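Chain IDs A, B, C and D follow the sequence of writing; residue 1 opens each chain.
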Amino acid sequence: MAGSTFGTVFRVTTWGESHGKGVGAVVDGCPAGLWLSEEDIQRYLDRRKPGQNRYTTKRSEADRVQILSGVFEGRTTGTPISLFVPNEDQRSKDYGNLKDVYRPGHADLGFDKKYGFRDYRGGGRSSGRETIGRVAAGAIAAKVLEELGIRILAYTCAVGPVSCSPGNFDEAHLAQSRLNMPDPEAEKRAEAYLEECMRKGDSSGGMVECIVDGMPAGIGEPVFDKLDAMLGQAIFSIGAVKGVEIGDGFMAAAALGSENNDQYACTVPEPSVQEDVQKDTDLCHGTQQGRHGTEECVLPEGVYKKTNHAGGILGGISDGSRIRIRAAFKPTPSISLPQQALGRDGKLRSLEIKGRHDPLIAPRAAVVVECMTAITILDLMMRNTGARIEFLRESYRR
Amino acid sequence: MAGSTFGTVFRVTTWGESHGKGVGAVVDGCPAGLWLSEEDIQRYLDRRKPGQNRYTTKRSEADRVQILSGVFEGRTTGTPISLFVPNEDQRSKDYGNLKDVYRPGHADLGFDKKYGFRDYRGGGRSSGRETIGRVAAGAIAAKVLEELGIRILAYTCAVGPVSCSPGNFDEAHLAQSRLNMPDPEAEKRAEAYLEECMRKGDSSGGMVECIVDGMPAGIGEPVFDKLDAMLGQAIFSIGAVKGVEIGDGFMAAAALGSENNDQYACTVPEPSVQEDVQKDTDLCHGTQQGRHGTEECVLPEGVYKKTNHAGGILGGISDGSRIRIRAAFKPTPSISLPQQALGRDGKLRSLEIKGRHDPLIAPRAAVVVECMTAITILDLMMRNTGARIEFLRESYRR
Amino acid sequence: MAGSTFGTVFRVTTWGESHGKGVGAVVDGCPAGLWLSEEDIQRYLDRRKPGQNRYTTKRSEADRVQILSGVFEGRTTGTPISLFVPNEDQRSKDYGNLKDVYRPGHADLGFDKKYGFRDYRGGGRSSGRETIGRVAAGAIAAKVLEELGIRILAYTCAVGPVSCSPGNFDEAHLAQSRLNMPDPEAEKRAEAYLEECMRKGDSSGGMVECIVDGMPAGIGEPVFDKLDAMLGQAIFSIGAVKGVEIGDGFMAAAALGSENNDQYACTVPEPSVQEDVQKDTDLCHGTQQGRHGTEECVLPEGVYKKTNHAGGILGGISDGSRIRIRAAFKPTPSISLPQQALGRDGKLRSLEIKGRHDPLIAPRAAVVVECMTAITILDLMMRNTGARIEFLRESYRR
Amino acid sequence: MAGSTFGTVFRVTTWGESHGKGVGAVVDGCPAGLWLSEEDIQRYLDRRKPGQNRYTTKRSEADRVQILSGVFEGRTTGTPISLFVPNEDQRSKDYGNLKDVYRPGHADLGFDKKYGFRDYRGGGRSSGRETIGRVAAGAIAAKVLEELGIRILAYTCAVGPVSCSPGNFDEAHLAQSRLNMPDPEAEKRAEAYLEECMRKGDSSGGMVECIVDGMPAGIGEPVFDKLDAMLGQAIFSIGAVKGVEIGDGFMAAAALGSENNDQYACTVPEPSVQEDVQKDTDLCHGTQQGRHGTEECVLPEGVYKKTNHAGGILGGISDGSRIRIRAAFKPTPSISLPQQALGRDGKLRSLEIKGRHDPLIAPRAAVVVECMTAITILDLMMRNTGARIEFLRESYRR
């Protein structure tokens, strides 16, 4: 059992369920001396907060984080950082009727089979609120990474059938987007699509893309703990994720080697070549070798990769170019349309779920993807500090 | 560092590189009393062996496994099982010219940045031969799972743009297929496509699908060690994998909740409903609720899921129906077409790779996917045995 | 870094420092369905509470535990149990003068060298208050073990030069003993010794003995995770422990094989033989094959071990007889006698520590030893449930 | 199960049993670039080799190590180092008669209860030969530590009732001592004692002391993974160890705080003070603040600790002075005197063990203690490299 801890050197343990006293995380192994305030963490939590607009659950909670330990006079001490977010707006009675029903698309049956019974209120441990602990912990990882020059950004890149276009990446728009989409035009279509879903009592799937800039080369372990393998676990561990891609992902399966290999090039990027490659591809499935990836690639002066189909990871190890991850989120399973559910008594019953639920998961999940990515990368970077005997020697010469 | 171990209770550690003395694995935590012979393992290794036909590398090795420990009088003792496969057909001189070059699509640069230098012969630790240890270990896991009534099968479901069709699943054909494809008709097209690739000195991507039948409900931990998350790490840790899907995977991101939720149903399956859903979908992206999944679902007598878009996993926990995983493999990066590579000296150079390489990875990787799946599932099942206080009590009443 | 988690399947993570907002623990992997109340845990915490009598620090705190998650309708759900004990009676200003001083016998210098700075208030993370998390978690482990028929008891067996005598083991006295000693006569002498220490501003070392009855045979892994090895880590991880023994411990180093081997015997114990062995030995160093150990040994009907020099563990695996552990605690390092301390500036300074400190550690540490023992044993028992293929088969036949 | 791996970042997995094909270890996480030859490892193995003199088992094996992976052109590559030592001189038939008997002092019963059956030949997995893997792996750790200026030495400090005297520490003698004792005079008495034991068919307990010089301050994690806690697990995991002490160990339990605290001092050591403390104490239980510890203590120029009762570890963290560990080894349980053993059938039977066995364990175990200490320290040092944010920043500025 015991599967609530992630990471080896930078370790995060989350706890809590939807309708208990609160949710939280313990971060063990954070380097000492980092300036850290509750505000640093709150900024991230606010991005996943419910009740922000009409596309998020009506449940409204402040979700204020408290740092209970591990920070002294404004800086981390190197000892465990305990983070706590009390639950506030709980309406357990909403869920009483779910006690003896296994909802389609939910883990209800699995929990009962596993544990013999379950906390049926609001999904219990498998509630989206569990991700609060991840985001609080990930905010700390992200702050450490920032100190190392690494920046992570995740956003909605598709809502149902509507995808963003890489040519329309607008960071200013993203900052105030209701669906967390960087492409204003796509967002408009996505909103129309969602309105229709909501009108019908239905929900929609979506996709999140996450990019990492400023990544040093050499991160990730060659075999089981490859950078992409650890990201795979990290992202798949977010509820509702049904697929994960690195770089071109599934498109690579249909490609030729001569197309998919990222060749090296020299001095000045040839934009014409690049544009050819990218033309007609959308943000989610296109090759996205922007200025960023090129500039930050830890290659000899003036050398870069012409393309980045690999998404910055080769053989499980970062190559210094932009990392690109995509995650497919299934539609919110709680819908108000009537469905055939299963009773604990083994009898079928019709179910219409009336609670407060987001019509899609992706927009609020983006920050969770970002945070899980941050935790994964920082942990692998910290594991990597002794990779060479000369580095180890240096460490102890300090 | 140290990323060569996978699993918590059933733990596998692999070692070895392409051109060292051999490759191997240590399996720790295998239950005692399992009948196990070298032949049980060899059967799996033979499935990934090179030199089997014109679509696999010409390198030909017997890849005979030796059990060095942990088996006594034909049965496992519960102590570590050390597995060893000597390397035989090494031609290191083939690789001398790669010493100072970073090949496109390979981890060469990453290794050098990480460790300061690398074993440049045949990919070193990131060679496909590393998977021998996984397969040897996975064969043991698969044998234990068989004892528990669980059967895992993986096969090529796409070669480049050619996909298998679920309607054409032919197990007899699969058993002797050169590309490890269950659809004879698709295989024919795939072979034509590959011949063209090889003629040009190019390579092709591909896709592997893996199904698990007989799975009990309740396996997988609710948060970070979800069944799909651990599968995510396991499958992404196989070289060349760029994407992983569970169930409908990326298709779920474009679906409505009402489409994607698997509703429960009673007594006799209604084939008409199902066929509607499956029509025009291929094996790789379709919903594949066959007889199998239904029969083996651990649901009350006569109850089943109408569809299995979830691929047998909800909230990270198995629901008793068929598990379905898909992995996208990028094209073999070693191609004989000229490419721009990077020298360790920072200068570009043109590279034509002449070695012995498979034109695509998927067919031989299928058994690796199968084995990683077996290891993952067995480990989570063994972790699960104490999930309830009554089970624990029972265990010690024996 | 990250060393705040203990256990593999039943995992405990503690957090918190002496003068932060509180201390706590997260217990992950507890079996579901255990009846658990805050009162169950409070009973254990009360045993380590300060301010109980004149031999414990004057710091007085209620140390009331709150269960924040993982329990639903009175029973554990199988998900993480978050335990929180707020700090109350903090007088940080007491410690301001210690900011720039490295106290003899304390970890001050180590923390500064490791982390660059430290939370100097009351020992920070290395305060005795850290053990609150262990005790809260251990209370849960102990409750599970009780369900399995296993009972653990720890007590002070020596105070400075004064040792308890095994012949004088008085459980009724122990229940109300001020020094947690089972031998009333020895306690009287220990109190006299302590009074003298306290009068001089000095402190005393002590010893804790822990016994485990009802242990099944077969627990513990053969190599690195031997039962005694895990107990070794667990007990040494308690602050101030400088030595750990199993069974006869250091006495075994001076013994002959013919003396130290525990021979098997039949039907009726021969008390005369036993008494010979035990005569003139004290509780701490004697052989303690009581009725208990014999009765509960999982041996064939009527067979038992004549002696128990091994302390119930052979080759790292329990043999079904009583487990006996002893831990040596150094004297409380905070004494009010003047000592030469080291300033952060590298200059020596004379130091008299005036705070509120126990004159000895053992009595309040006994419950910590008990709890760490419980956690260790439960974790190894839960890891053991799949040790045999037939057990595993049975688990999934349920 | 699965307890054959030790370490978090520098990880060692051992495998193999007494009478299988061989024994070995996989070392994962060794820094790349270390010059390493089989000879480096062989030197350590030769120190534990049987058949060296009349006090060791007559079993004579070359115990030649083979490096199967992880070393390329003489240097470690950072990938797993697989080490293999074939078994040679096996006489399984010697053990046939032990098949159905549980020997006193052995783990036989525990193995049978745990696994249902056991490899009864020569102790199987719990044979002393299992330590070959530890020594081979530890030799690598020791070589890395040497590069960091850390030197570890272990030796026999007591044989039965005969203890070495700290005043008689003679390194030249130690190098050719038959019992691995640094005190020539004590060795003479120990040999006489052993001859008597052997004449009677009996065996003797013994004690090993291990010292670590050149240790930097700040190593070890504050809570569960304290330096002494990890050493506790490491040393207790060696077969036959029944007690472990750090520094003054059990003597500290009888001491006053004013005696046990190590005060700081200045410039020139005051030998008179020290001698007072050490007078009449033997090597095993005395305080051993030699020139070494003082010189290498990472304290401000001219400052040192007057004494080292703590054995170099405070609060689980190294303080820069000499680390001192002692381990008590029980007598070899295999003796030729008649003993009452237990049959698998539940009936008692008289047993005289005739095989080839060392009359005491300590001398050959010293190198195992040394190697487990090396592995433990290196692992904790590698885990420590990211302890401070400024160190982490530096690591990635390289």
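The rule is short, and it goes like this: a contact is a pair of C-beta atoms (placed from the backbone, for glycine too) under 8 Å apart; a residue touches a chain by one contact, two chains touch by 3 or more.
Here the structure is a predicted model, which is why all the values come from computation and not from measurement.
Asks: Would you kindly say which chain has the C-alpha centre located farthest from the C-alpha centre of subunit C?
Replies: Chain centre farthest from subunit C's centre: B.
Asks: Pick the pair with more C-beta contacts: B-D or B-C?
Replies: Comparing B-D with B-C, the pair joined by more C-beta contacts is B-D.
Asks: In whole angstrom, what separates the CA-based centres of subunit B and subunit D?
Replies: Between these chains, centre-to-centre, one finds 41 Å.
Asks: In angstrom, rounded to a whole number, how far apart do the mean CA points of subunit B and subunit C lie?
Replies: Each chain reduced to its C-alpha mean, subunit B and subunit C end up 45 Å apart.
Asks: Among all residues of subunit D, which ones touch two or more of the remaining chains?
Replies: If we look for residues of subunit D contacting two or more partner chains, we find 1-5, 8-9, 14, 29, 31-33, 78-79, 114-116, 125, 216, 222, 382-383, 386-388, 390.
Asks: Residue numbers of subunit D touching subunit A in their complex, please.
Replies: Where subunit D meets subunit A, its residues are 8-9, 29, 31-34, 76, 78-79, 144, 147-149, 216, 222, 381-383, 385-396, 398.
Asks: Spell out the residues on subunit A that touch subunit C in their complex, using ranges where they run on.
Replies: Within the complex, subunit A touches subunit C at residues 1-5, 7-11, 13-17, 20-24, 26, 28-33, 66-70, 72, 75, 77-82, 84, 114-119, 124-125, 382.
Asks: Going by the contact rule at the top, pick out the subunit C residues touching subunit D in the complex.
Replies: 1-6, 14, 102, 104-107, 109-111, 113-116, 123, 125-126, 130, 158, 160-161, 197, 200, 202-207, 216-226, 228-237, 239, 241-266, 298-301, 303, 306, 309-311, 314-320, 328-335, 337, 339-342, 346, 348, 362, 383-384, 386-388, 390
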